[in-house]
């Protein structure tokens, strides 16, 4: 299976915070870089996500901003 | 200056492809992980982006999907 | 493989228009409903997308607006 | 009134889940295809959304990913 | 007609740049504040957008980042 | 510091509503125009956002829809 999104990074779930509708998932992609994703609580439950799971972070190129110091 | 976006990763520009309106920028965040951003050509020109520039990739948590094998 | 995105709809590619950087892909999800996706030209080429291909449209719940008449 | 978004699909609300800030709305666009939108709770209340309402789902082309098996 | 998006600002088109697939539209929302939208060239043509048109800019709350100095 | 996002508008925070995971922030950009941003509760806390703060709203050009009456 191939996805059009240009950005796919493997990581490990380090924490999940569930709200009533939304949830945030913390994913360590390389020490010490951690990414944060906000998905529906339904997605967290349907995928059975839990700390320690191997996961791939997927981001469309058009969603990435650039910051130059 | 602080930004609300939960994801900020430093990298180096490895390539830029300019179209008439849109452009893609390739950023190496750690060997061998490269990210791809699509921004306006205007942004590339206003920031004076070029290969070798140090840059920070910024992504809002709500733009990140998760893929579980 | 499971994806966190809440919206996955199967369809058939009915047309592709490639620009220098961006491309639009038309996908028929059920007669006569056609969806339009904008992805990078690189994605179209890497996935080898062409008219007639079976494809799944993926949309994060947070990207959907609602319009009430 | 015309909107720039390339994707407009009519459906019927099949369920609403309200959190403190965010809400998810389930919309049946054709049997058995249901879409899920995440909007603010404020939007659900301002539009007076409820089960059974006819609604149009609106998605910008740049928010649609493609998955090829 | 009501839209779930929390941000709707009226303005006037000050310029349009068309690429092969994407286009940028400059909208003055109040002197001297101008906003820039990237939409498909198809949207610009279907809506018949041109300089001087009155237009409403629409932004979903989840697409807005905050920057604090 | 320069950001690729084409839209940066200064304003003042007029209200914050915190959920368990997500939060909405109301920003007055010019009387009587108020914008609404949805960010993580974590972002609100990390930036120490509170009513009366001067803040810059940041929006990528590709996230803006256009509505023509």
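Labels for the chains are A, B, C, D, E and F, by order of writing; each one numbers its residues from 1.
Here, a contact is a pair of C-beta atoms (placed from the backbone, for glycine too) under 8 Å apart; a residue touches a chain by one contact, two chains touch by 3 or more.
Remember, it's a predicted structure, so these values are computed and weren't measured experimentally.
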Across the interface between the identical copies chain E and chain F, with over half of residue numbers shared counting as same and under half as different, the residues used are same
Among B-E, C-D or A-B, the pair repeating the B-C interface (over half the contact pairs identical) is B-E
If chain centres are mean C-alpha positions, then the most distant from chain F is chain C
The distance between the C-alpha centres of chain C and chain E, rounded to whole Å, is 23
Chain B to chain D, mean C-alpha position gap in Å, rounds to 29
Taking each chain's mean CA coordinate, chain B and chain F are separated, in whole Å, by 21
In chain A, the residues touching two or more other chains are 1-6, 19-22, 24, 36-40, 42-43, 47, 58, 60-63, 65-69
Counting only contacts in the complex, chain C reaches chain D at residues 3, 5-9, 24-25, 27, 29-30, 33, 35-39, 43, 47-49, 53-69
Seen from chain D, its contact residues with chain F in the complex are 1-5, 19-22, 40, 42, 58, 60, 62
Chain D contacts chain A in the complex at 17-24, 36, 38, 62-63, 65-69
